[in-house]
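Think of it as A, B and C in the order they're written, each chain with its own count starting at 1.
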């Protein structure tokens, strides 16, 4: 079932949680709402689920307006951040709940309920826990039970609020992959909220980056990472070096090369740490710097350079680092292979150029 | 840590019942617990106070009752007048606690979940029966429900005679025990995560189904605790009841009043026998309340959504 | 179109519950409270004032205050000591001790009075010895104070124990490790932390002590002008069909109840505010 969100706005007192949100989710897509806490992503999810009413705007499920439909009539599966399992019911009864509360005419027979619940528990690989109570389960198990419970009513849409937020890293990674597989099997539209960029990029078909109640960018994981639409997206997804003032290093070059006639207003250049090249010799457009720190971190080596008054972060592969033989205090030259410049006076639109190979 | 060390020592020398070592371990474990001063003084004072004020008098009661023996106590308690008094006391207390369980649930729900003008005032007023001396409650309720009272005036023509009947006892006990259910339920209702209700709604449950299957089971232990507290208090209540009950032996005489009546007739042993039975019931109810509270606190302890 | 939120009842249910709840409270709380003052003033202010100025009423008020004032320090000392031992230390038999502290809540006031008669009454265990030494406990002030202590002592302890348990003992341990003596630790660290809880307990214990009827009634002997507290005096006047007198005395107690409720509510707000403040300042940094 497709979801269409039109001009949704929501305020809590004077706080604008959502400001004119437009989003369309085609059937079968797995969408991540990504953003920092307080950006409105959870509010948007709750509005889709019918747990919050928007101040303005409409929501359409498969083309039909559902804005004012009660949560229980939306056929939405909702998985809560802290699972919200019914603590006085066994795992089996938790999953069966949605079937048992159906009106008598639609309620499946007891045997059918049993069959479907056990099938779902099998799907989440926890059928052996059906007699336990939620308090006897680990966090990851609770999460999977919460998911099975949401799926029991055969929802047209699956909504997940920070589904892996409360779990530790190991379990989180496993569940992520598992959710992706499950989604591909069930083929229903799913929306999940996360503040973890890695999670969004790894699991989702499409990522919706949100900030301050607005959508900053919608795109595939690759698009939002390698082609961020705004400084915010650039900074939120991955590490980045920011060059502010026009007097300083890289930016002076930018201004000379690109936007002289455009505007003398403030602009900012963004360079990913792994997009910076370090050399021992001065090269065309390269800037001088001194090495401050060298940290090998797993597969990469993180190098901090001191350029004028700024610290520049660079990520090198181990091979490249071994070839360069960098030591602390050494003078070197660096230049970006790739960078983006945004005009600060018009934040949402990239200024002038798309890809800047300047220097 | 020290406990571990002790275990280690004991494991290392399992056959060495070395006195010194054992006493050292005990000493260390005691020291680790008693970093703060004043334990001896505080516990000593507490125990002395409890002994003088509770244990000695109750011991005296039991000693006196032992002059009678179990069979005689039972005979007195099951005598016609006593039995009738016990029946009136229990039935009235049960009904009062029941009325309070129902309305207490409504009031607690309303005070936590709804907003209405004067809510804080109403919330504060709920404790009135705890603060108002029982004698005042007694004469006031008797006056209200008497034939010419504000309420009796309308009730008696309809055939409801409240004052000076067993129904009056129920009214007085309902007033006296009103705060118990409300006050036990309020924090529990506050603690219900709305997420759980939302989960039920998103799974298609109607509001009534959510209440019946999710909310009510969560409230049940607290509701039972509140009910038992109210019941226990009602059983022993004296001051408010005697004014409105009519105190007719076999009809509207409660056990505490019968104890006093026996005392005034210098039947100390009879009074003692009834008092011991009441005390045993109090103990039983106290135990039930403790068990219920333990149940409330420990049932599915780290359940549902609690963050690790 | 107004939609109901997922966690709300339909509007008609909400209205029905509010009506039932508020109606119940109106009939059981507001109406009796209003009746006390109406009845007291039924014959006008003049008779009301005259009823209050009766010497027996005045002496009953005096005795009530005296008993409450004498009982208070004992109750405070017990409450603090018991809470200190229970909340900050582990020892065997703690739950038994807690049950004993709860006992007066469950015991009928009449039984509470009776036990003292059995001990100190003329036929009681210590009766002969007491009368030989001409010490009067039953039907006299000491017995009434004992009965009052019996039924009012748990309040402060019950208030302080959970409070002190929640606060843990780290602050006290820090004080001791910084070299504070026991009393310094108590006055400078413990007491400031529990002062509102203590006050709350004092308010409740005091209300109970001043209003107690059953237990005091059994041991008092109802000697007018001598062993008659205000609640007992209410009974005597009422049984003499002196409605104005009875309700005038009752109105004093009802006022006391209202003051108790107000003080209790204020202390509750203060406590809530302080815990909120503490939670805000001591909360671990969010990452």
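We take it that a residue touches a chain if its C-beta (ideal position, glycine included) is under 8 Å from a C-beta of that chain, and two chains touch if they have at least 3 such contacts.
Just so it is clear, the model here is predicted, and its values are computed rather than measured.
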Between B-C and A-B, which chain pair is linked by more C-beta pairs in contact?
B-C
Report the most central chain, judged by the distance from each chain's C-alpha mean to the global C-alpha mean.
B
Rounded to a whole Å, what is the gap between the Cα centroids of subunit A and subunit C?
57
Measure off the straight-line distance from the CA centroid of subunit B to the CA centroid of subunit C, and report it in whole Å.
16
Per the C-alpha means, the centres of subunit A and subunit B lie apart by a whole-Å value of 53
Counting only residues that touch at least 2 other chains, which ones in subunit B make the list?
198, 201-202
Would you pick out the residues of subunit A that each touch at least 2 other chains?
50-51, 70-72
Please output the residue numbers of subunit C that touch at least 2 other chains, ranges allowed.
6-7
Residues of subunit B touching subunit A in their complex?
193, 195-196, 198-206, 209, 213-214, 217-218, 299-308
Considering only the defined contacts, which subunit A positions touch subunit B in the complex?
49-51, 70-78, 80-88, 97-98, 100-102, 133-135, 139, 142, 149-150, 152-153, 166
Please name which positions on subunit B make contact with subunit C in the complex.
33-39, 41-43, 45-47, 49-50, 53-58, 60-61, 63-64, 103, 106-107, 109-110, 114, 116, 120, 122, 124-137, 139-141, 143-144, 149-151, 174-175, 178, 194, 197-198, 201-202, 207, 232-233, 235-239, 243, 255-257, 259-260, 263, 268, 271-272, 275, 278-279, 282-283, 285-287, 289-290
In their shared complex, subunit B is touched by residues of subunit C numbered 6-10, 13-14, 17-18, 20-22, 24-25, 27-33, 35-36, 39, 74, 77-78, 80-82, 84-85, 88-91, 95, 97, 99-111, 114-119, 121, 123-125, 146, 149-150, 153, 169, 172-173, 176, 181-182, 185-186, 204, 207, 210-214, 217-218, 230-232, 234-235, 238, 243, 246-247, 250, 253-254, 256-258, 260-262, 264-265
